[in-house]
Amino acid sequence: LRQGVPEIILGESKSLDQLKTIIAAMQRNGSNILATRVDAEKATALCNQFPEAEYNVDARAFCLIQQKIENSGAGKILIVCAGTSDLPVAKEAAITARMLGNEVEELVDVGVAGIHRLLAKSDQLQKAAVIIVVAGMEGALPSVVGGLVAAPVIAVPTSVGYGAAFGGIAALLGMLNSCASGVTVVNIDNGFGAAFAANRINRKG
Amino acid sequence: LRQGVPEIILGESKSLDQLKTIIAAMQRNGSNILATRVDAEKATALCNQFPEAEYNVDARAFCLIQQKIENSGAGKILIVCAGTSDLPVAKEAAITARMLGNEVEELVDVGVAGIHRLLAKSDQLQKAAVIIVVAGMEGALPSVVGGLVAAPVIAVPTSVGYGAAFGGIAALLGMLNSCASGVTVVNIDNGFGAAFAANRINRKG
Amino acid sequence: LRQGVPEIILGESKSLDQLKTIIAAMQRNGSNILATRVDAEKATALCNQFPEAEYNVDARAFCLIQQKIENSGAGKILIVCAGTSDLPVAKEAAITARMLGNEVEELVDVGVAGIHRLLAKSDQLQKAAVIIVVAGMEGALPSVVGGLVAAPVIAVPTSVGYGAAFGGIAALLGMLNSCASGVTVVNIDNGFGAAFAANRINRKG
Amino acid sequence: LRQGVPEIILGESKSLDQLKTIIAAMQRNGSNILATRVDAEKATALCNQFPEAEYNVDARAFCLIQQKIENSGAGKILIVCAGTSDLPVAKEAAITARMLGNEVEELVDVGVAGIHRLLAKSDQLQKAAVIIVVAGMEGALPSVVGGLVAAPVIAVPTSVGYGAAFGGIAALLGMLNSCASGVTVVNIDNGFGAAFAANRINRKG
Amino acid sequence: LRQGVPEIILGESKSLDQLKTIIAAMQRNGSNILATRVDAEKATALCNQFPEAEYNVDARAFCLIQQKIENSGAGKILIVCAGTSDLPVAKEAAITARMLGNEVEELVDVGVAGIHRLLAKSDQLQKAAVIIVVAGMEGALPSVVGGLVAAPVIAVPTSVGYGAAFGGIAALLGMLNSCASGVTVVNIDNGFGAAFAANRINRKG
Amino acid sequence: LRQGVPEIILGESKSLDQLKTIIAAMQRNGSNILATRVDAEKATALCNQFPEAEYNVDARAFCLIQQKIENSGAGKILIVCAGTSDLPVAKEAAITARMLGNEVEELVDVGVAGIHRLLAKSDQLQKAAVIIVVAGMEGALPSVVGGLVAAPVIAVPTSVGYGAAFGGIAALLGMLNSCASGVTVVNIDNGFGAAFAANRINRKG
Amino acid sequence: LRQGVPEIILGESKSLDQLKTIIAAMQRNGSNILATRVDAEKATALCNQFPEAEYNVDARAFCLIQQKIENSGAGKILIVCAGTSDLPVAKEAAITARMLGNEVEELVDVGVAGIHRLLAKSDQLQKAAVIIVVAGMEGALPSVVGGLVAAPVIAVPTSVGYGAAFGGIAALLGMLNSCASGVTVVNIDNGFGAAFAANRINRKG
Amino acid sequence: LRQGVPEIILGESKSLDQLKTIIAAMQRNGSNILATRVDAEKATALCNQFPEAEYNVDARAFCLIQQKIENSGAGKILIVCAGTSDLPVAKEAAITARMLGNEVEELVDVGVAGIHRLLAKSDQLQKAAVIIVVAGMEGALPSVVGGLVAAPVIAVPTSVGYGAAFGGIAALLGMLNSCASGVTVVNIDNGFGAAFAANRINRKG
């Protein structure tokens, strides 16, 4: 794989001890390290052990940067987020994309029920090289964005919502059936995956 | 019930013989008659027997009008339709609403992937007393409309789509989780029900 | 939007700090404020900070009223509730409808397994301008009510029940398939949405 | 098993040849024979071969009676049916119950959206030894009936409906979650099974 | 309703205060009282307040008996239970059936993977007036029992199991599709409902 | 792979032309050929072109045998089938297992609702090296068989049934949750896969 | 939008008359025209009317090319297809991508059960600018491909399979949960959408 | 059953007291004892009472060995595990298989996104008598393994994953639809069942 790519750990299903062992080994290699889905309790213990690390509580992302990250992307990745409740997933995407060497912009609280707030940002949308759209509930935002731009659009359904949101199924289905052509979709709450896909796209040929 | 309200028959699960018997009996009462979900084959036979009737093949609606329908609604019902594939359901709603004594307008092919076509109709949207929004696939249109108007919005998911559209489930879930407040929803492909609900709302106090 | 409409916050996915910041800002604007889905713990802290506020523990609704609410509706909104377990959702609907400037009546414990208790209230049903019907388990009550009245009927499925109730799916499907014409439906447990829809209907033309 | 019980064949998944062979063998034993779920085409061929047989096209039931059926039940079985579309399932139940030696009454078109039609039949409901309630769409009728009588109530969901009826799932879930205590349920469209269960109950001790 | 029938409360969704108020009112009427789905914590508080009451921790059933319960059933109700994990549901059924005035027998740990244990109890099965079969996982036991007896068989799926048991769905579907004719089914974990249905059947004509 | 193993084609999604081309090529290699899920119409055309082939209409299996099949298995494979409607799947398994070089026995119509028919075959069950159990509806048979023998048991759910059988889901879930330890499961209607698995097991070490 | 982009019609839900009207209008504009999901019967009629058009029966794609298509992509799009049954979807993707001005390569019959066939094509995989992976059944191929290359990978689940394939749900879920990072997914059978997304990516900056 | 087979207890749904009683009784019989799905808290108490026992915290397995376990299998059972998060299930399988008298090898962290790690172990795969493949997320590993070996392959889906992994459904469906012939499947997270099935296969004829 490419040089400078960080080591990335899925923190969720690992014990504190497992995480410490893995991170310590990676640290010795001098790699940059990103652990996603690390809960706050484990993060506190990890930050004690690795004081140079940083933890983003919203994104549940643990970062240990040992080498300067060079911006190696062809253009900007724009992350568009429907509501404030979707922010943790958007933040996970932003941190991952930056760790992978991309310039990232964020556009928040531009849901489809207040469409003019989104349309007011038309310029920013047109300039992005890749757009990640994060939305829960009915997951309609990627359709509107996909209809406004020619760039690649990656949709991330979130588990935000209740009742018939079914933990993100409503948003997932909405996005898979987007009437805007060529919108692609990742797993529910998978900000990491969307950023990784955006990074695959944004590599300088 | 109110005077002048037509007799309405759900044609789908009835044999031609059953339909003939029921319609003939209602005809003798002098009522207006609407039969929904009547397929083209049965309709041909019915129109032979009841030559004064009319059949709308898209809406699969059979109408036999024996009394002038008086427009008895408080305002206009606007039917907004995402794509041409959703037209049969929109037509069923329009015919039902008219048979129930309402003035109806239709607005077609204003899906969310081409949002400016919808926004260009802002005036028409603002003037409606009740709005029925018909959409398949991701069913996002009611959220945008609901964010633009203060009037009641009734969403009708359609079975248009394939794969993960699951015969209208994607659109149904999208509408139930609309981020626009106070959008209500009826069954998949239930143009009839949406019009009946709109009529309940549009009755002159 | 109309003047006097309260600011409404979806409390569920917001931290205490976020809620405090948002509410304080709205308070400075002099608005009435309603926050739904606020749990008891957060509510206690909020009521300390905003002593003039009130919290309804059943409805999980936090209200801060700074301007007199004028009853601006065309008629009464009646909220009908199948069982005592459905009361929290009914209460959320009632509080929301009142905050939006409507006169509200409530009718509780009139489930379909004891149909005569409902029929005894026939007068009250006939006088309502809009009826919200809240029911869990099999969600049958809106069909009976919809067959008794000509007014708009909004059905709210609740997550009350166990086993094959599937957290409200049974009630939701029941209501979407109501054999009473023109019943519309909102998301599971969405008392807020039902009230908002009723308010859209009940605005004075 | 009890004497005089008919041989019962599930016709659905059997070829015409298989059915002819099985029925001919049973005929030689002098048994009464009931074949359920026999489509009209196969039935025509069977009635040619077995001219003394009868076929009920609605119920899709083929009956060959060789011995007088004695009414051996303790009381009457009442079959209550929500709408005319549910009649095929109700008929299958009625024919099965009669073939098994029970007296059967039928009560049709008493759905919950017109509750007074059902209440007008209160006497008939009170006199039944066992009640089978057949309903599609939201499947609410058993709850109302179960609240009116002390006798056993067996609910049969039908596949009548469209969209979110999901081929009978909505009715099935409604019945499993009935708020009337002690309603039991059989498979979707299983009129046969409901009659067989009613017969188990109605045997003279 | 019949005399001597206890008042029955669904404890699950009620607060301790609500339960105290309801039970105290019923106590004043001299009724026997059964509250189901009462958790251990609430039960302790209730037993303090009503010292003559009894609580069965497995069944989560709270009973307050003020009148002698007369056995008023036509025959015995037999409760058959597949495994020890299904016992809480079986116990709820047993207690409910006894409170309703029936003689009850229990047969435990006779699952289908050790079929000879069940067959060894053939006599007991043949003598029962009504049989309730409680089983989780694949829910196969009612099919075997239904094939062995002529009496009514009521199947209760339990939420016992993991993975593709889906909280009782596997057992529920198994029971609805039983190849033994005339088995009826109640909701997942609904021991109460099964007993209530058995009681409807077991009433002396 | 092993010598003498036939070429196996999944016929379902292939056109007649594609099938002809593939089979002709394999014929030139001198292989034995099995095509599963070939419908009767295509089979007629294929049998015209390859007159030495045989077609089993129940199993929808097309066989072209060019080399003597040697029985190379360690023991007998027994195929147990719940009802006659499950026979097509059982036949597909039998034909596949024989084509793969195994001795096969079949045991039909031994469903769990008539458990004594199965128990009467205890000897045959004990002697089998591998047992394939084919059942639809509630899919309970593998649990009983798995409790009677120590040999490997492979369960095949079939799509036989209606309503809540959901095209084999009920049987599939039942089998995955079997209370008999160590029963393994293949896809719905996958007689082929069960036989292939049995053959993997039955190879002489 | 970009110049030279063809007009694309979703043929599925349009009548022959509607298609003729739309295509004739587009023809007058001189556009290239692609209609997807056009069945063979409609296609024959269309090709009669538009003799210069071509129809690909596998892909169900109707193309009318009036202007030379210039290859305007940055690199090659590689379409990898698991099995021959998935070919129609792969072909729809290939045709769409070519109509949109991309160079396309195809790699067929490289499913995961014969992994060496895929690995033998390593060079071709490494050279692609974007890879579309089409697979049905368990949909595992994108995970393997995603682990081998750094380029963007778009996964298309197909409805190929039976039983628990559930019309493409198994493949869809597999792809959404891919253990290869940054694989994105489109709707079941949506070769068109995958190609459109690949084209968004492959545009020359 | 065979001599020396351990007593196996499903710990999950049993109280500490129940477990103590059952284990003490089995201990008196001199049996080896395995209790699966015992949580750490209960295990501590059990290990105090039975000091010669051992508890594996990852596998949640409690073992009390009183007789030497003889290796009585025909060959080795190989347990292949996709990722470290799947280890608990793999460990449950390994412990169960060893307790049942089999030689077991383990191969960890060979997921399909890094296919070369698996291929490097080709020798070990070829030598196994039975292979158990444990994988979560998309569950693709058994297809690759099944394509590489002729031995029996038992697939165990795990509940590892989030979002559209649906607690193991994605992996379960993937495995049921494996394109490698003759892969069999057990319940989600059922390491015990896979080992029991492998043991059935591995018995010396």
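Just so it is clear, A, B, C, D, E, F, G and H label the chains in written order, and each chain counts residues from 1 on its own.
Heads up, the rule we're going with is that a residue touches a chain if its C-beta (ideal position, glycine included) is under 8 Å from a C-beta of that chain, and two chains touch if they have at least 3 such contacts.
Every value quoted in this text rests on a predicted model; they were computed, and no experiment measured them.
A.B. asks: Could you tell me which chains are in contact with chain B and with chain E alike?
C.D. replies: The common neighbours are C, D.
A.B. asks: What's the distance between the Cα centroids of chain C and chain F, rounded to whole Å?
C.D. replies: Their C-alpha centroids are separated by 56 Å.
A.B. asks: Would you kindly tell me how far, in whole Å, the mean C-alpha position of chain G lies from that of chain F?
C.D. replies: 35
A.B. asks: Whole-Å distance, chain F centre to chain H centre, using C-alpha means?
C.D. replies: About 27 Å, centre to centre.
A.B. asks: If you average the Cα atoms of chain D and of chain G to get two centres, how far apart are those centres in Å?
C.D. replies: Here chain D and chain G have centroids separated by 50 Å.
A.B. asks: I need the residues of chain B touching at least two other chains; which ones are they?
C.D. replies: 163-165, 169, 172, 176-177, 181, 187 - these are the residues of chain B that touch more than one other chain.
A.B. asks: Can you name every chain pair that touches?
C.D. replies: Result of the pairwise touch check is A-B, A-C, A-G, A-H, B-C, B-D, B-G, C-D, C-E, D-E, D-F, E-F, E-H, F-G, F-H, G-H.
A.B. asks: Show me the residue ranges of chain C that touch chain D in the complex, using the header's touch definition.
C.D. replies: For chain C paired with chain D, touching residues are 82-83, 111-115, 119, 137-140, 143-144, 146-148, 161, 163-166, 169-171, 173-181.
A.B. asks: Spell out the residues on chain A that touch chain H in their complex, using ranges where they run on.
C.D. replies: Those residues of chain A that touch chain H are 10, 12-14, 18, 37, 157, 159, 167-169, 172, 187-190.
A.B. asks: For the complex, give me every residue of chain E touching chain D.
C.D. replies: It is residues 1-2, 8, 74-75, 129, 150-154, 172, 176-177, 181-187, 192-201, 203, 205 of chain E that touch chain D.
A.B. asks: Under the touch definition given earlier, write down the residues of chain B that touch chain G in their complex.
C.D. replies: Residues in contact with chain G: 84-85, 160, 162-165.
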